[in-house]
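Quick heads-up: structures coming right below.
Next come two complexes built around chain A: one with chain B, the other with chain C.
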Partner chain A sequence: MAEIRLKNLAHSYNPAHQTEQDYALKPLDLTWEDGKTYALLGPSGCGKTTMLNIISGLVKPSEGQLLFDGQDVTSAPTSKRNIAQVFQFPVIYNTMSVAQNLAFPLVCRKYSDKDIKFQVDKVADLLDLTEYLPMAAKKLTADQKQLISLGRGLVREDVNAILLDEPLTVIDPQMKFELRRKLREINKRSGITMVLVTHDQNEAMTFADEVVVMQDGRVMQSGTPEILFEQPQNTFVGYFIGSPPMNFLPLKNDNGILTCDHTGFSQKMDKLPSKDQYSLGIRPEYLKITEQQNASFGIAKIIQIDDIGIDGIITLSFEDGPHIKLKTRDHKSLHLNGIVGLSMPPNKSLIYQNNNLISSNI
Partner chain B sequence: MLSLKNISIEHPKTPLFNISYNFEAGKFYCILGRTGAGKTEILRALMGLEQLSNGEITLDDENISNRVIWKRNMALVYQQFINYPHLNVLDNVIFPLLRQKIKKSVARQKAISMLELVGLSELADRKPSQLSGGQQQRVALARALVKDARILMMDEPLVNLDYKLREQLREEFPKLIHQSPDSVILYTTTEPKEAMQLADELLIIDNGQIAGHGKPHDLFENPPNLAVAKVISDPPISFVKGHIENGKLIGSDGTILQQSGLQHIANGEVQVGLRPDALSLGGELTSRVVLTEINGSETIVHLNFSFGQAVMLLDGIHMFEADQKINVSLDTNTIMLFSLDGQNITKESN
Partner chain C sequence: MFRFYKILKHLCLLLWSAFVVFPFLWSLSTSFKDANAITGGATYIPWLEYAPSMQGWASLFTDNEQGINIAGPFVDSALVTILASLVSLILGTLAAYGLSRFEYRMGFIKNSDITFFFISQRIMPPIVLAIPFFLMLKQLDLLDTVAGLVLVYTALLMPIAVWVMIDFFNGIPKELDEMAMIDGCSPIEAFFRVVLPNSIPGLVVAGMFCVIFGWNDFFFAFTLTFTQTQLLPVAIVSLNSSVTPWWSLSAFALISIAPLVVIAFIVEKFMSKGSLSGAIR
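Coming up: the complex of A and B.
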């Protein structure tokens, strides 16, 4: 077990790296506490796998250091790091049985037959694979293969960390729900640090104590799910976290007073360079529908109602103005083309200057 | 109208049993079910890729069960976006038209307007490898749409895309597709929210059978059976054992879950479905927290009761320690009751 620190770390796959663009990972500094769950979240190509491979030792960073409990392991070989990794594109040994596939990491490390059987049975039970143990792996479906690959990552419990690279992509939502819970239980019981790579914000948020949001090789923000939801430091995080994404409405700057058309929103602030762009960030969850006479955030027309089960997603349009979405559990009482009032708690309205958060508690 | 009449298929992994359904033109049908339930198998049967052991397929009352695939007037979008790597985007969209023996100039014109529709005009000269995943899947959609096929099938078309892109295409797809009033649209997915959002009509497939069908909202509010209830909600509905005693619902440990109003159900064992939004903080029921998951605006709490485990969905962010004792209440209006053979018996009329 160990604390993992990425210190001024950067990586370029291009040995002749010159410009920023050459870097798959731009310089970053992160510390991961021992025993917690983390998620790396971002669109494909943003550098998530690269970061995992640096931690496990498959990739040597072109700059900076990797520390386990303060010890520099930047150049230590994979075998010395004691890390389990579940790969994004797993290799399942088709000629082997499911049991042999699961046992593979243990056999490589010369565990006793007794220990192997114990660990394999335990992980198979956890993932509901027991009945498949004797089967040839090649007979399995894509989602079962993904479970085996996950099982291989979880089969050792003497590791510093378990790195999981999109292990749940072809698993259906019901199974995902179960697996998320099991992964968290393993983490609680064993105290092993877990890092999950995903492009699915819901998966990241529900799994991790702390989520690292990445874009284009950069860490856009790292924090608890609550912080990322309540205080996205930039418009990218506001967009990427949350479903539907945060609404952004343009703000006008009239000599230090920011106003938002159609909504009546206005806010005086000091030192607002007139050349900068300002926008108002509104979470669909905090926007509420009210009687027209009680509207404190303008009047709008309902142009779409999407019923997604417990919640409804309502799309509204201000007169000749922008669209805005809200999320509610009272969608059954609403009507298409209805004109409604809106309200928004002022302390949940966030102001962005050139896409960066400048005010949160107005 | 596309009709399946008593279709059965003997497949070693995913057989189909006696599927009958009428699909009307101009509607968006979602086929929702777990992995391996038989969703793709239905599409394969429609295409003629699986031998029917029983039943027939008709299109506008004409039996097409024995027609070769290219004469069935169908288009398909797969999970893996399949485009021709050596052709640029425009030629990818022209290609299926040339195969239909449409004149080159006409085909080109059609393809150009289709690319406009899916928002790819500016990328017409690129090769598929120079596109992002979302763009490639839009090319595949354009190729399927341009054929003006009577039957448009999409088999989990978004599953290989980043989540945010999925969200975006989920909004775009219906707008693009609803422009063809003569086509039957079939769309398979494992995601309940996706199915709820997209479908005009929803079919639930379980174990090679149609477990339920209807308007998404009706199926969500009132699932006809356990098989539907198990896939219709995300987070899922929790199930615990209970029994009815003179109009009361009693949990397996003796806790009274509902005081009255169930006189229409015979005394005996039932399965109790608890929607995640049926539970809320404060109340008579004691529970222990197993796990708390925060997804931003909501908190999903896994709870242990003396009568079983259930999941509670709360608005806002709430922090609970594992093993913490909390009291909750149960909204009896949303309780669902199923007989031991899985039929929904909650309502009097049932």
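Coming up: the complex of A and C.
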């Protein structure tokens, strides 16, 4: 178990890297505390897997250092890092039985037969694999195979971290939920650091103590799910986190006073360069529908109602203006093309300058 | 219509099998004939068309002057084929794994060029190699020896092993090696403990190719040996003299292909058990 620190780390798969575009992972600094759960969240090709492979040693970073508990392991071989990793598709040793698969990391590390049996039985019990132990591993189903991959990570009690690279892709939804819960439980009990790579925000938010949102090889924001939801540091995070995504409305800058057309929103701020772009970010969850006369955030027309079960997602249009989405439980009483008033708690509006958060009004 | 197609298919297959099996049947019937039966026109059915004789088979197993020495060529052939195949398989598999998993660069030479270098050894017509091999073996004093032939055959068989195994290793996801390293293996341990056990089907195929090519080769066995060492194909052809003993020659030829037939049956059994398919995932 160890604290993992990525220090000025960057990686490019192109050995002659010149421009920033050549980097799969742009220079970054991150510290992962021992025993917590983390999620790397971002669209495909944003560098999540590269970061994971650097930590496990499958990829050597072109710049920077990787520290485990302050010790430089940048050049240490994979086998010496004591890391467990689960890939997107199950990787099992076909020529071995389930028990031999689970025992393999311990056999490689020359544990005694007694210790191996004890650990394998314990992990098999934890993952409900006991009855399959003597079977040939290749005879199992895909999700059972993935459990074996995970089990091989769990048999080592002193493992530094478990890296999970979208491991739940092949597992059916019911099992997914169960497995995620199990992983959390293992983390709480054994205190093993876990890092989950995913592009599913629900998975990230429910699993992790802290979520790292990435795009284009850059860390956009790292924080608790609550911080990511309430205070996205940039429009990308606002857009990527939350369903439906955050609303962004353009703001006009009139000598230090920002105003938003159609809504009556205005805000005075100091030192606002006039050439910059400003926008107002509002979570659909915080917008409320009111009577027209009580509207504090303008009047709009309902152009779409999507019923998603208990909630409804209402798309509204300001007169000749932008569209805005809103999430509500009272969608049954609303009608298409109806004109309604909008209101918003003032402390929930966020102001972005060139796509970066500058004021949160809290 | 469907029935007609089925009958046609079976007729074609029957014709083809007759075509393939005929040389063997011909050899088999010839091996039981004596001089009279052989010169007496084409006959196929024993007892009816000709009187069977054991003289051909007997000559293979007699030790006197009339007998033919088959033990010597058999042992030489087996030694050369097995040793050359083993060396080719071991070196070829290691080379193929390296070429499949690591990136090499020597100036402008890359992995694909090295692979082509191996395979180009087989593209070249063997006659090109005859004189160089002859001179090299002469220098080393290895002409007409089993050791010399093992060296030459290794050079001929290794490209086959490399070729088959590269393809096989490319089919094994590299995540398997990576997982083994994460589980605590060094790269070489990952190869021996995880990749190799998963490669048995590929090794069987590569080994089979090596054995078939090695066992059947006539050209180098003929050009690089004289009297001390003799391989089966050369020994059989050398029976061809002014009066060819067709009965002995046929029996000899049938015996010399027997090991390959046995191997074919073993591999076929192995394949039908499903051990050769679906090794990954």
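Simple rule for what comes next: the second predicted complex is superposed on the first by the 288 of 362 C-alpha atoms of A that agree within 3 Å, B and C clash if a C-alpha of one lies under 4 Å from a C-alpha of the other, contacts with A are read in each partner's own complex, and residues count from 1 in each chain.
Keep in mind that, in the parts below, a contact is a pair of C-beta atoms (placed from the backbone, for glycine too) under 8 Å apart; a residue touches a chain by one contact, two chains touch by 3 or more.
A quick note: this is a predicted structure, and the numbers were derived from the prediction, not measured.
A.B. asks: Considering only the touch criterion stated at the top, classify A:226 as touching first (chain B), second (chain C), both, or neither.
C.D. replies: First partner only, chain B.
A.B. asks: With the two structures laid over each other on chain A, which partner does A:143 touch: chain B (first), chain C (second), both, or neither?
C.D. replies: first
A.B. asks: If you stack the two complexes on chain A, which partner ends up touching A:56: first (chain B), second (chain C), both, or neither?
C.D. replies: In the superposition, A:56 touches chain C alone.
A.B. asks: If you stack the two complexes on chain A, which partner ends up touching A:18: first (chain B), second (chain C), both, or neither?
C.D. replies: Neither partner.
A.B. asks: Output check: A:243 vs chain B and chain C. Expected answer is one of first, second, both, neither. What do you get?
C.D. replies: first
A.B. asks: For A:274, is the partner it touches chain B (first), chain C (second), both, or none of the two (neither)?
C.D. replies: The answer is neither, since A:274 touches no partner chain.
A.B. asks: Look at A:185 in the shared chain and tell me whether it touches chain B only, chain C only, both, or neither; answer first, second, both or neither.
C.D. replies: Only chain B is touched by A:185; chain C is not.
A.B. asks: State whether A:85 touches chain B only (first), chain C only (second), both chains, or neither.
C.D. replies: A:85 contacts chain C only, not chain B.
A.B. asks: In the overlaid three-chain picture, which partner chain does A:104 touch, first (chain B) or second (chain C), both, or neither?
C.D. replies: In the superposition, A:104 touches chain C alone.
A.B. asks: Identify the residues of chain A that lie in both the chain B contact region and the chain C contact region.
C.D. replies: Chain A residues touching both partners: none found.
A.B. asks: Could you please specify the touching residues of chain C with respect to chain A in the complex?
C.D. replies: 173, 175-176, 178-186, 189, 193-194, 197-198, 200, 278-281
A.B. asks: For a test of understanding, state which residues of chain A touch chain C in their complex under the given definition.
C.D. replies: Result: residues 56-58, 77-79, 82-85, 87, 89-91, 93-95, 104-105, 108-109, 138, 149, 152 of chain A touch chain C.
A.B. asks: Tell me, which parts of chain B touch chain A in their complex?
C.D. replies: 13, 34-36, 133, 159-160, 162-165, 167, 190-193, 196-197, 216-217, 220, 230-236, 275-277, 290-291, 293-297, 300, 302, 313, 315, 317, 322
A.B. asks: Within the complex, which stretch of chain A touches chain B?
C.D. replies: Listed in rising order, the residues of chain A that touch chain B are 43-44, 141, 143, 169-175, 177, 180-181, 184-185, 188, 199-202, 205-207, 224-226, 228-229, 239-245, 283, 285, 306-310, 313, 327, 329.
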